[in-house]
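Paired with subunit B in one complex and with subunit C in the other, subunit A is shared by the two complexes that follow.
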Partner chain A sequence: MKHTIIALVENEPGVLNRISSLFRRRGFNIESLTVCRTESPDYSRMTLVVDTSDTDAEQVQKQLAKIINVVDVQDVTHEPIVVRDAVLVKIKADAAARADVMTIAEIFNAKVVDVSPEELIIEAVGYESRVDAFLEMLKPKGIIEITRTGRIAMPRCGTPVRAMNNA
Partner chain B sequence: MKHTIIALVENEPGVLNRISSLFRRRGFNIESLTVCRTESPDYSRMTLVVDTSDTDAEQVQKQLAKIINVVDVQDVTHEPIVVRDAVLVKIKADAAARADVMTIAEIFNAKVVDVSPEELIIEAVGYESRVDAFLEMLKPKGIIEITRTGRIAMPRCGTPVRAMNNA
Partner chain C sequence: MAYEQSKSTSTASASADPALPPNAKKPAPVRPARVKRRMKAAQALMEVLVREGTTHFFGHPGGATLPMYDALYDFPQIKHYLVRHEQIGVHAASGYARVTGRPGVCTGTSGPGATNLVTGLTDAIMDSTPIVTITGQVASNWIGKDGFQEADITGMTIPVTKHNWLVQNEHNVASTVHEAFKLAMHGRQGPVLVDIPRDVFQREVEFDAEDLVSKHSYRAPSKPTVQALAAAAEAISNAKRPILYVGGGAISSNASKELFEFATKLGAPVAMTLMGKGAFPETHELAVGMLGMHGTACANYTMHNSDLIIALGARFDDRVTLKLDTFAPYAKVVHVEVDPAEVNKNRTADFPLHGDLNVVLQELTPLVRRPDTEAWWKQVSEWRQKHPLVYHQGDGAILPQFAIDTLYKMTKHRNPVVTTDVGQHQMWTAQFFKFDQPRKFITSGGLGTMGYGMPAAMGAQCGAPNDLVMCISGDGSFMQCVQTLMTASENNLPIKVFVMNNNHLGMVRQWQELFYQERYKSVHMPNQDLAKIAEAFGCVGMQARTPDEMERVFEKALAIENKPCVVDVFCDQEENCYPMWPSGTAIDAMIIDDPRYAKKLRMKN
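For the complex of A and B:
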C-alpha cells in the first residue's frame, strides 16, 4: 500500500543524497517526493510516498530517523491527515473544444491559467484521487504535458505537533 | 539567482540517488524539489530550484543530461513558463481570531480545509511570491506548521514540447 512519510530535515547539502541512498539500497521506488523550506529557514520538510508493506515502511522510518540531519520522521499513513496534490496540465483545445474542457475544469474547481489558439494550461489542486479523476476526464481531449507536485500531507487540526519543538 | 530546472527521468530506482549525488558533489543546496509521475507511467518529471549563478546552472544542466535514466533536462529560468507552489499552513485561530484569518485567506483566494476550536488549516496555491506574501500576513497570528510543495513549472501554451517525444 502507499505509505506517506513526513520527514523534517536540516537544510544541509547532502541530506537528500543520504536519504535517496537509503531508498536505493533497499530498492524502493519513491512514488512522489516533495522537499521545501518550512516555517524555519534552518529546516526543510519532505513528504515521501512509497508503495510498500507496513513492515518495510516501518523499517524505512527507523532507518530514516538514524540519518544525520534528519530531525523527525513520521509515517502518517494511518493518521488523520490533510493531503493535497497540485497539477498543471497542458491540453489540446482549439476554439471549438475550449468550452467543453472548461466545463470539466469548472466541475473539478480547476482553473485555466494560460491559453493559446490551440492549447490550455489548467491548474487543479485536491486529493490525488480527485486530481486523477480530473486528468482521466481530460485524457480523450489530448493531454500534452502534466507536471504534478506529488502529495503533501499535514496532521489535522488539534493533533499534537512534533517537529521543530523536539529538535 | 534562483534557477528552475525541469528534468524528465525514467522511473527506475536509483535515479533520484544519482541526481542528488551530483548536487552533493557540487555542494549545491536544492531549494525545492518535486518528483512525480507524468502522462506516461514510465517517466517521472522533476522540478528543481537551485540558487546559483548562470554559469554553474549551465554546468548542472549538462551534468544532469549525462546521467543514466535522465531523458531530458531544461533550464527554464529565462523561458516563458507557468509556475505554481502549493502550501498547507496550520495556524492558531480561536473563535475570536477566526474571522480575521478567513478574511486574509479570502483576499489570497486561499481555502480553509480543516478546523478545530483553536486551529485552522488553509490551502493556498499560486506564484511563490504570492504564497510568501500570504504566509507573511499570517505570521503575526501564530503559524504552527507549514508544508509546501515547492515550485512546479510548465512552458507556456504554444511553446514547443520536448520531453517524451524525444525519448
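For the complex of A and C:
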C-alpha cells in the first residue's frame, strides 16, 4: 500500500542526496517526493510516498531516522491528515474548444492561469484521485504537458506537532 | 579574541596559605585562563585529535594533506604509521578500535588516497567499527572542476559511513572533527569521514578547546519501557527451549559482564556469531559454539529447535539464518538492539528491546527467573556429543585445522589477540580458536574483506602493545595487503602471521568442488615463497613444511619479540571446511562431516 512519510530535515547541501542514496541502496521505490522550505530557514520538509509493505515502510522510516540530518520522521499513513497534490496542465483549447475545457475546470474548482489563442494552462489542487479524475476528463481535449507536485501532507488541526520540538 | 585573564589568582594563592583556619570556606578552583590561540586549521585539527585521545594515526600523505602533515610535525604525541596503501590504514584503525574500544583514526589524501579508503570504510560500517577518517580535498576553488586528484569522496561514502562532512569553512574544522569522534562512538558504532580542502587546512582560525561544541546532540540511546522489559522477562522465564544468540553488539557495548550474569542466571545455551566470539567465554559449559554457515551443528540445531531466541546485539544476518523463511520456525524472538532499524529488518521481533545492551541486560537480569531447561539441555548435549568439530591429521601434509588447533593450545595461556583474513582459514580459526574474553578475536565479518587480517593485527598491536598479536591468514588474503609488513617491520611491531598456505583460494576452490562440478578456474596459486617475501620486507620468514616440524617452528616464531614474523604453513591443498550449511538452504541441507572422510571410515569398517 501507499505510505505517506513526512520528514523534517536540516536545510543543508547534500541532504537530498543522502536520502535518495538511502532509497536507492535499500531498494525502496519512491512514488513521489516533495521538498520545500519551512517556517524556519534551518529546516526543510519532505513528503514521501512509498508504495510498499508495512514492514518495508517501517524500515524506510527507521533508516531515514538514522541519517543525522533528518530531525524527525513520521509515517502518517494511518493518521488523520490533509493531503494535497497540485497540477499545472497545458491543454489545446482554441476558440471552439475553450468553453468546454473551462466548464470542466470549473467543476473541479481549477483555475485558468495562462492563455493563448490555441492553448490554456490550468492549475488544479486537490486530493490525488481528484486531480487524476480532472486530468482524465481533459485527456480527450489534447493535453500538451503536465507537471505535478506529488503529494504533500499535513497532520490535521489539533494533532500535536512533534517535529520542531525534537529539533 | 583572547578571553580576559582570570581575576581570581589572589584567592588561589590564599587557599594555599597554611595560616588559614581549617574550616575556612574553600575558594573555587581556579580555571586556567582561557585564551583563544591563533593557529592554522590543520593545527586546530591536531589539537582536537590529541583531545580525543588519538595516539596512533594510520595514513599516507599526499598533496592535499600536506598542510595537515606539516601540522603533525609539531605533535610528536600522535604517532603516525606510514602505510603503503590507504586500505591498510583504515583496516589498521579498525584493528586498533576493536582491540581498544576507542575510535581508530586514519587518513588519506584527496582523489585516489581517499577512494582507497572506501573498502575499509565499508568493512567498518558492516561490522560497526568506530573509525574517524580525515581526507584531504582539492582546494575549495577547484571543487567540482575535476581538478587533479579530485574525487567526490563525501558523495561516494554516503552509504558506507554513519555520516560524512565536507568542511568548507575553516572555523568548523575543529568542531566537526570533535563531532566526528562523538558520532563514531554513539549508539551503533561505525565509521565517519571528514573531508577537508587543502586551502581550508591552511587558513587561520582562533582555537579554544573549551569552545568545541558538536552541532548535533548525541543523547544516550533510549531504554526499553518497563512494560516491554516485563513482557520479555516473562517470555524468557517461561521458555522451554531458549537460546542466547550473541552478536558483535555484545562486544561493542562492553556487555560481557552483564551477559555472563544474565546467561548464567538463565542457564540457557549460548551461541555466538563470528562477530560475537569471546563476548561470553567460549570454553564455558553453556557455550554451544559458533552459529551459521560454518558453525557447529550443535549451535545450529539448538537455534533451529528453540522456542525462544534471545538475540543480543545480533542482526539475523544471512550467514546465520541462511534461509529466512525456514529459519528457527518454532521460536519467538526477544531482540535487544541499539539500532532500531535492525529490529524487524530480517526477522520479526516478538519482544523488541531497544537500547544499549549492557544497560538493557542490567535491567532485564533481575526480572527473569531461571527457566526449566533440563529436557532441553539433554537434547542439546546429545547434539554436542554427536557432532564435535573434528579433523583427521595423518602423516601427509599439514591440515590447516591441525595448525590452528595447535596454535590455540600453544598460546591460550597468553590470552592472545587473533586477527584473521577471509576464507577457509577464517572459519577454521573461528571453529578451533576459543576465546574467553571479548576484543581478542578480530575478523572481517560482514564485508568479508580479504586483506583485513595483517593491517588489523598491526592496529591491534598498536592498541595492545603488550599482548601477543597473531594474524591467521591464507595465501590468497596474505597477498592482498602484503605491504603491511613494511610498516609493521619499520615500527618493530612483533605481529605473528601464520599463513595457511594451500596454494589455492581455498574457499572458492571448495565451492567449485562442491557446487561447480570440480571445474576449478582461477583458484590455483603455485610457487609463492612467502618466507622470502617476508624477509624482503625486513620481517622474519619461516616455513613449516610437515606436521612433525610444525610445532617447533611455531615455538620459534612465537618467541620473536621485536620484529614481525611470517610463518608459511604448507597445508593440504584439498581440505574442505565443514560443517557447511550452504547459503539459501534449510537446515537439513547442512553437511556436518567431510563426506570424503565419512566414505573412508565406511570402507575401513
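A few notes on this one:
Just so it is clear, the second predicted complex is superposed on the first by the 167 of 167 C-alpha atoms of A that agree within 3 Å, B and C clash if a C-alpha of one lies under 4 Å from a C-alpha of the other, contacts with A are read in each partner's own complex, and residues count from 1 in each chain.
Throughout what follows, a contact is a pair of C-beta atoms (placed from the backbone, for glycine too) under 8 Å apart; a residue touches a chain by one contact, two chains touch by 3 or more.
Since the model is a prediction, treat every value here as computed from it, not as a measurement.
Once chain A of one complex is fitted onto chain A of the other, the partner contacts of A:47 are limited to subunit B, with no touch recorded for subunit C. Within the superposed three-chain arrangement, the count of touched residues of subunit A is higher for B, of the candidates subunit B and subunit C. Contacts of A:37 after superposition on the shared chain: subunit B is touched, whereas subunit C is not.
By the touch criterion stated above, A:62 is placed in contact with subunit C alone, subunit B being left untouched. Once the two complexes are laid over each other on the shared chain, residue contacts for A:103 go to neither subunit B nor subunit C. With both structures placed on the common chain, the touch criterion links A:21 to subunit B and to subunit C. When the two complexes are superposed on chain A, the residues of subunit A that touch both subunit B and subunit C are 14, 17, 21. Subunit B meets subunit A in the complex at residues 6, 11-14, 16-17, 19-21, 23-24, 27-39, 45, 47, 82, 84-86, 88, 90, 113-121, 123, 125, 143-150, 152-158, 161, 163. Residues of subunit C that touch subunit A in their complex: 154-155, 158-159, 162-163, 166, 183, 216, 339-341, 343-345, 348. Those residues of subunit A that touch subunit C in the shared complex are 14, 17-18, 21-22, 25, 55, 58-59, 62-63, 65-68.
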